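The structures considered in this document are given below.
Each of the two complexes below includes chain A, the first together with chain B, the second together with chain C.
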Partner chain A sequence: MIRHTHYDLIIIGGGPAGMAVAVGAADGGLKKILLLERHPRLGGILNQCIHVGFGLRYFKEELTGTEYAFRYKQQFEHSGTEVSTNSFVHKLTPAKDVTFVCPEGEFLVSGDHVVLATGCRERTREMLTTPGTRPAGILTAGLAQEMVNIHGLLPGRNVVIVGSGDIGLIMARRMTLEGARVHAVLEILDHLSGLVRNKIQCLDDFCIPLFLSHEVLEIMGKDRVEGIRFRDNATGEVKDMNCDTLLYSVGLIPERDLLMDAGIEPGNGYHVAGNADYVHDLVDWVSKDGEKLGRALRSA
Partner chain B sequence: MKAQTKSKKKPDKPLDRTKSRKFTCLVCPTCCELETDGSNVNGARCPRGEAFALQEMVMPMRVVTTTVRCDTAEGLRMVPVKTTSAVPLGRIFEIMKGIKALRLAQVPAIGTKIHAGTTENQVELVVTGEVG
Partner chain C sequence: MVRMTLNVDILIIGGGIVGSCLARELAKYHVNVTLLEKEAELCFGVSKANSGIVHTGFQSDAKALKTQLAVRGNALYRDLARELDFPFLPIGELVVAFPGEEKGLEPIRKNGEDLGIPGLEIVDRTWLDQHEPNLSKEIRCALLGPTAAVINPYETVYALAENAVANGVRIEHEAEVKTIERQGTAWKVMTSRGLHHARYVINAAGLYADRIARMAGMQVPAIYPWKGEEYLLDEHAGRLTSRVIFPLPRKETKGVLVIPTVDGNTMIGPTAEEMFNPEDVTTSRAGKHWVVENIRRLIPSLREDMIIASFAGLRPATQGGDFHIQEDKPGFINLVGIQSPGLTAAPAIAEYVVDMIGNHVDLTLKENHVASRKAIPRFRVLGTEERNRLIRANRDFGEVVCRCELVTKAEIREAIRRGARTMDGVKFRTRSQMGRCHGAFCTMKIMTIMAQELGIPYDRITKRGKGSEVIKT
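Now for the complex of A and B:
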């Protein structure tokens, strides 16, 4: 249950960006801070990032995403921020009234400042308008990551990854370790989208082929994915491949629907932090940017 | 970040090109391009990169990150873990087999050490996160 109806600062989203804004704002002197998180726990997408590669810039140590979340949460707890989890914000107004629902009911709070720290969303098959049927077995790489790492479910056994973004590369290795066969990573561009180190330790280490300049033309299958038709755009050659699962790793889009739905632009007390602002390369920069944004906020 | 961008690559050492190999360093996101003949290393911006190249030449080593199943009263929980040190790349599937056979009865705290595999093939894991 929330303690006040008005806050110096209301933060929407309890991932690394939201926590960083709270840390910075407390450091800068704000007292009444409320953080609203729709999931039962803080940490955001870090909770499903069990792989290493986080924290070298911020903590000067290589950590897993889950370790990074744990470390940062300890820092966050000193900020004195009031946290409401299982709290889903569904409406904002230009007067900075924030309406959210949680198990206790629906509440309205207002703030001098409201920060959107809502992260980003994965682009989907629908956004690429890949032709073909709509069978089961088509997921974004991040959703597959949640299924495997949080819920212990394997989304499929014969996998093709569309797009060479980092999450796709990480999931190629993860699915392989869990016993699935990853047949290929298809990238429409003539170069890798993700980091070279991820190609080496996620694809090369496990002999998973990366096909550049390759485009998915059609998805086949009635109830379940049965295969794909794809084209090598360098030669024009068209081929088919059998698979039961497609994981899309084709880019991330900042999530600002709450502002857009209300017709509000950032400014006049509204701010956007972390990947909701723009998609960052490293969570370390999200933490640093968020703290900087928080520190600059002044109570009205 | 600053220290790494400021520090310049050391001058190239003579390499025996007949047996030299090139690697991309996996130690940190700087991704130095390394070349080594097994005794000298070129291209490393830090000593960890030199060690990486020499090791990669003889036996690539990787930290394995995965999850361990935990059957709690509230249902299945996945516990994130990593190997406490890098393990040989060629042994990863055998190590995964040992980890997959594990069943925990309660959720361990972050930092808890867990042993997996058979006595001849033991691997030490550490819990890397809180389980919600």
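Now for the complex of A and C:
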């Protein structure tokens, strides 16, 4: 149960961006800060990132995502922020009233400042309207990551990755390490979408081919994915490939639906932090940007 | 695995909208009824991909059986929706005329008035500007049919089935009919799950109705599936129109429509393509372009990036075009070619068939029949007070599982307790996974609840039945 009905600052989302805003705001002198997190614990998507590559810029050492979240949480705890977990915000008003649902009920709380630190979501097969059937075995790379890293479930055995975003590259390696065969990464653009270091460490080191300028034309299979038809847009050649699973890594969309639903633009006390603002390539920048944003906030 | 033989009075083959209406109607009487469905859950065949329009009936030939039944069905839906607590929005429909087409509306109105359809009116450009501002300014006038409505096909089917079961109907899932033989005065029906002896068989097998009839030694009109692709727009696009919009009908279909759904978004489609494979429900690039182009003619502001989902379904069409509803052999009623307006007609088809049976079988009403059924509470449409009342009674209502559609853990659990056995079954009953993340955020949460509720491991959870396991082992 939350302690007040009005706060200097309400932060929506307890991932790296939300925690960073709280740290910065406390540093800058704000006292009454509330952070609302929909999951049982803080850390956001870092909690399913068990690979290394985090923290070199912020902590000056290489950490896993979970380690980064753990380290940052310790810092966050000094900010004196009130945290309400299992709390799902679903409505905002221009007057900065925030409505959230938790197992104790639906509550309304208001703030001088409200920061959306709601991260991003993945584009899906449906958003691309890839033609073909709708069988089991089509997932976003991030969902596959949650299945493997949090639940210990391997969603497929013969995998094709659509799109060369970072999560797709990371999952190409992870699926291989867990015993699946990753046949290819298909990228419609003529260049890699993710970080070069991820291509080297996740594809090249595991002999997984990356096909650029390749477009998926059709998904096949009645109940389970059986294969795909794709085209090399450079040569026009069309080919089929058998697989039982497709992981989509075709872009991330900042989650600002709460503002959109309410018809509110950022400003007048509303702020957007982290990947909800724009998709950052390193979490280190999310932490630094979030702290900066937090420090600049002044109580009304 | 063959179980023991079951003796029933009436066996319904097919658990779509028609079979479910029949089960619900027959459950009012002292007869022993079993419904067979070959898929893992009801409404996984033709009805799943239905547009959900309860038509007025004015677009069909007044002499056809299907038209009579559609007009009657439209009237029956109002009571049905109230009794069974499923969403029913009587939003009305418009058939729009572009320059040169104005004269085409009058025959449709005449047809509708002959059928006794109330409230028909031709509305002019000024009316359209006031009531449907997103429609193309090219459109001159339109025929308004105020009795048209929209429903959600699966919620309707599950409501009907729950009520049928509450009144004693048995439902067998994954029970595919293998053989049918006449044995004395009974029909012997072998399924993949067991043997039934039935006094009456009602064949409501949709795309497979002609095969089922042939299996029992009857010749009925052959089914030529027509595929339709539909495209769903993001809720952010809002309702583009307040009513269902039809262009002037052409020969093969009613054309590409704008359909405001019961859930607040807009659906556009369908295409119409003859198929030779009753399992081909693929969508295509060409289909999407065709739909978008045709709808832009009606609504110029439509943008392709408003689309968030697509699917395809098959209409169980016959060459004659009308419904074939006949007792082709004693005790065996075939329902063949129940395509559009089949969803509209379904409650009337059930009445019609029960009358046919009543000519031969003594049907007496049950005194203890329960006519009503309550829906699973829909957290997302409730006010704060009501939400807090639910949460106080059950903390699971305070746990949001599907964030895009605001679906709580309590709703997911209740859907499973009412019969959902697959991810799609949960989706169709609760709207979870239907929003803009397409299940990326809630799939694991739902799987965890299913594993707990059903007592099964993760690797036995399927998208829509055997062979569609989410986790490939």
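In this section, the second predicted complex is superposed on the first by the 300 of 300 C-alpha atoms of A that agree within 3 Å, B and C clash if a C-alpha of one lies under 4 Å from a C-alpha of the other, contacts with A are read in each partner's own complex, and residues count from 1 in each chain.
Please note the rule applied: contacts are C-beta pairs under 8 Å (C-beta built on N, C-alpha and C of every residue); 3 or more make two chains touch, one makes a residue touch a chain.
Nothing here was measured: the structure is a model prediction, and the numbers come from that model.
Visitor: More residues of chain A are touched by which chain, chain B or chain C?
Guide: After superposing on chain A, more of chain A is contacted by C.
Visitor: So, A:H51: does it touch chain B (first), chain C (second), both, or neither?
Guide: Only chain B; A:H51 stays clear of chain C.
Visitor: Tell me the contact category for A:I150 with respect to chain B and chain C: first, second, both or neither.
Guide: Both partners, chain B and chain C.
Visitor: Once chain A of both complexes is superposed, is A:D27 in touch with chain B (first), chain C (second), both, or neither?
Guide: In the superposition, A:D27 touches no partner, neither chain B nor chain C.
Visitor: Which partner chains sit in contact with A:T133 here, chain B, chain C, both or neither? Use first/second/both/neither.
Guide: second
Visitor: Tell me which partner A:A69 touches in the superposition: chain B (first), chain C (second), both or neither.
Guide: first
Visitor: Mind working out whether A:D240 is in touch with chain B, chain C, both or neither, as first, second, both or neither?
Guide: Neither partner.
Visitor: Take the contacts of chain A with chain B and those with chain C, and give the residues found in both.
Guide: Shared contact residues on chain A (touching chain B in one complex, chain C in the other): 150-151.
Visitor: Touching chain C in the complex: which residues of chain A?
Guide: 38, 86, 88, 90, 99, 101-106, 108, 121-122, 124-127, 129, 131-137, 139-140, 142-143, 146-147, 150-151, 153-157, 218, 222-224, 244-245, 257, 260-261
Visitor: Under the touch definition given earlier, write down the residues of chain B that touch chain A in their complex.
Guide: Of all residues in chain B, those touching chain A are 1, 24-26, 28-29, 31, 60, 62-67, 69, 76, 78, 80-82, 89, 92-93, 96, 110, 128-130, 132.
Visitor: Sort out for me which residues of chain A touch chain B in the complex.
Guide: 39-41, 47, 50-53, 56-57, 62-67, 69-70, 148-152, 177-178, 195-197, 200-201, 205, 282
Visitor: Show me the residue ranges of chain C that touch chain A in the complex, using the header's touch definition.
Guide: Touching chain A: residues 231, 236, 279, 281-285, 288, 307-311, 384, 387-388, 391-392, 395-396, 398-400, 403-404, 406, 408, 436-441, 443-444, 448, 458-459, 462-472 of chain C.
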